Amino acid sequence: MGTQKYQAIREAAYEANMQLPALGLVIFTFGNVSAADRDAGVFAIKPSGVPYTELSPDKMVIVDFDGKVVAGDLRPSSDTLTHAVLYKHWAHIGGIVHTHSTYATAWAQSLRDIPIYGTTHADHNTLDIPCAPPMPDELIAGNYEYQTGFQIMNALAERNLTYEDMEMVLVGNHAPFTWGSTPAKAVYNSAVLESIAQMAYLTESINLRASRLKDSLIKKHYERKHGPDSYYGQ
Amino acid sequence: MGTQKYQAIREAAYEANMQLPALGLVIFTFGNVSAADRDAGVFAIKPSGVPYTELSPDKMVIVDFDGKVVAGDLRPSSDTLTHAVLYKHWAHIGGIVHTHSTYATAWAQSLRDIPIYGTTHADHNTLDIPCAPPMPDELIAGNYEYQTGFQIMNALAERNLTYEDMEMVLVGNHAPFTWGSTPAKAVYNSAVLESIAQMAYLTESINLRASRLKDSLIKKHYERKHGPDSYYGQ
Amino acid sequence: MGTQKYQAIREAAYEANMQLPALGLVIFTFGNVSAADRDAGVFAIKPSGVPYTELSPDKMVIVDFDGKVVAGDLRPSSDTLTHAVLYKHWAHIGGIVHTHSTYATAWAQSLRDIPIYGTTHADHNTLDIPCAPPMPDELIAGNYEYQTGFQIMNALAERNLTYEDMEMVLVGNHAPFTWGSTPAKAVYNSAVLESIAQMAYLTESINLRASRLKDSLIKKHYERKHGPDSYYGQ
Amino acid sequence: MGTQKYQAIREAAYEANMQLPALGLVIFTFGNVSAADRDAGVFAIKPSGVPYTELSPDKMVIVDFDGKVVAGDLRPSSDTLTHAVLYKHWAHIGGIVHTHSTYATAWAQSLRDIPIYGTTHADHNTLDIPCAPPMPDELIAGNYEYQTGFQIMNALAERNLTYEDMEMVLVGNHAPFTWGSTPAKAVYNSAVLESIAQMAYLTESINLRASRLKDSLIKKHYERKHGPDSYYGQ
């Protein structure tokens, strides 16, 4: 019954989680995706520490936006409270992804924003990808995963960005989080971020003085995909 | 009827597009190939924003050399006007490819030509791969994709190259375009460019003072494959 | 009879060895895994120089903790004495892995410890991954593989680490060894080490002045997975 | 008849050629392997410019040690004369491989020998991998592929190495050649070289002042695999 009730988000979360190893974004259990049901006020998330090869839709754990387990036999991802905080504060997202993908994580470990160097980046957003600085020690020792949600929101707020302007953030010294209107879109954003992160690393290696993309090109590429007169897609 | 008429280029464009993910040159929808029918004055091109897994020959869009859609139910690639300009001005090309392949795009973002460091490069052409500088802001704000065609042609003209001398260009801050007598040859050129771009990056990392290949070797390798007395291939 | 007697460790060693090429950690015969039977005082190890495609459980060689072959028709891995020394001195490990995985080996060749730059590292241990300095020439000329076991143990002792604190070591100028309670855990550790090694390399490339993870984050990430109040996994 | 006569080397050359794309050492037609029949004084080599997917044993071309085609309908590899020279001068090799594998080619383009940084290298030979300097212009303009054979032999002679001491050479600005007692061994050497080349590149990136492996370790690792008292393999 509980299973049937949440069947759609269990399946969406399962499918999206399985995309992570298929896209080369995780090994072993290094990542998790959740899928929200806004009407029910809950999300389905990967169980903690379970390998992708052993996942199935019915193993997903159903959690409310305060982080309380509502259905499911397994313990949810240790990052569950971060997902809960973001769902609670961001009314229009339907999926969240956390990975330790190689290049994005290296930028996070470097404590640097990823500069916008080209149109691959500008096709998706118009600004450097923010790297949130590590949180103060007293918050780390406290409710860490809950605070990680606020750390992500603060990184956007400090740059005057909404979660719709920027669907990806690096948590400093840790790794990326991405989100989107659906779990599939959030996974797409994770793969795009990894690609942007690799290209930016190579760009600086090839030209130490590489400069950011100029505003006219940022605007053009972003708007042809996302502006009111966009002409990309069907 | 319209479908049968353009069947050959629909299939050629479809096959060539499917090579891009198979060769690791694109993820998601980051690229497009077109195939020209010179007699009919049209080309078949990938529909915009459609994942490779959902492509089929009949989804290709038929466009004339002024960029007008002639047949097909879907919207063509947002880069269609760039393809149209090049087909219109270059009488002997049969295929064009655009990708955001990792290493070639990193060079494009670095705004540097790719120096000719070895025979892998000289087997294919005799000069550095041109990186076209970003276009002026007023052109970007105007008919951007149309102007991209001229940006590519200008990059060749400034170096006194014909499109037959050099079948690949980096569009600065953006990504590579390649072309050839057939769509398959254009795809081949994209993969070769990516390989050359990776090797040139590594060469400079291993030897900061790496020097360009000397003229005698450039000439020898190019001519054994492409000269009047070539002895490569069957 | 001998075969049946050691069937469990033969199969465990076989399965774990086969994971090495599957995880991209070895080519050809560049690595080996062993699986210990503590009650019998022996371990099963890969035969020397046999390609992974030709392995089977019954080709594993059974060796005691002094390095003497107890059962099996083939010569054991040339690294067998290193495994024997570690099993003899470390009462609670059940598996050992040696690979020449690309990034971990590059750090070993660089004679540098791998700094702890992020939570991917801290999820697994709390300190830099030790790189044992090359052993003195007289030991190399002597019982080299036997001494390699002590070289590994000394690298831990010099940092006041137990083999349970740190389940991975780089042997300077050579390559990594990892271990764990089971052969599968030891293989897991090898893949984690390779991932950490690649990320640390990229981190320093992106930010020459990257700094180590702060203590509060190290403690938090390690303890949520391994502390008395851990909340990771099922 | 001619086909049956050379069946063994046709098949050996075919199998070895097919290993190149399987091991990630070539794309398209960027490489070739030959297999020698010492009694018949000939070798079988890949036909020029034929994709690996279209190869079969009967497409291999039979050539004598002066480079004359003895059997086969297709034109042999454009590098055939290089193979012929090496077979003619080196009495005990049975196979030769030429690739443009990424990392080895980058070192060749850098005009640097690959320093011996670790035991992965020392397991296979005891010295830096030689990079032969580009040949003088008058030789390039002449019988280039024939001279490439002498360029390789000279690189060994200048370092007082025999072709049995060192089974791999980088041809400066070009790419690697490897050889061995059999075509399979020559292919193995190509994959080992690519691995060594990647690790050496990473080693220098991680530690700008990385130093060569010390003599005692070189000797130990080489001799345990290849010395009179070797104890590696079966």
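We call the chains A, B, C and D, going by the order they appear; numbering starts again at 1 in every chain.
Everything below uses one rule, namely that contacts are C-beta pairs under 8 Å (C-beta built on N, C-alpha and C of every residue); 3 or more make two chains touch, one makes a residue touch a chain.
Chain labels with UniProt names: A, B, C, D = L-ribulose-5-phosphate 4-epimerase.
Note that the coordinates shown come from a computational prediction; the quantities given were computed from them, not determined experimentally.
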Go through the assembly and pull out the chains touching subunit B as well as subunit C. A, D
So subunit A and subunit B: same face meeting same face, with over half the numbers shared, or different? different
Outermost chain relative to subunit A, judged by CA means, is D
Cα superposition of subunit B on its sequence copy subunit D - rotation in ° rounded to nearest 5: 90
Just give me the whole-number Å value for how far the CA centre of subunit A lies from that of subunit C. 33
Between the Cα centroids of subunit A and subunit D the separation in whole angstrom comes to 46
The positions of subunit C in contact with two or more other chains are 205
Applying that definition of touch, give me each pair of chains that meets it. A-B, A-C, B-D, C-D
In the complex of these two chains, what residues of subunit C are touching subunit A? 23, 117-120, 188, 191-192, 195, 198-200, 202-203, 205-207, 210-211, 213-214, 216-217, 220, 224-225, 231-234
Please give the residue numbers of subunit B that touch subunit A in the complex, ascending. 27-28, 30, 47-50, 74-75, 78, 100, 102-103, 105-112, 134, 137, 140-141, 144, 173-175, 201, 204-205
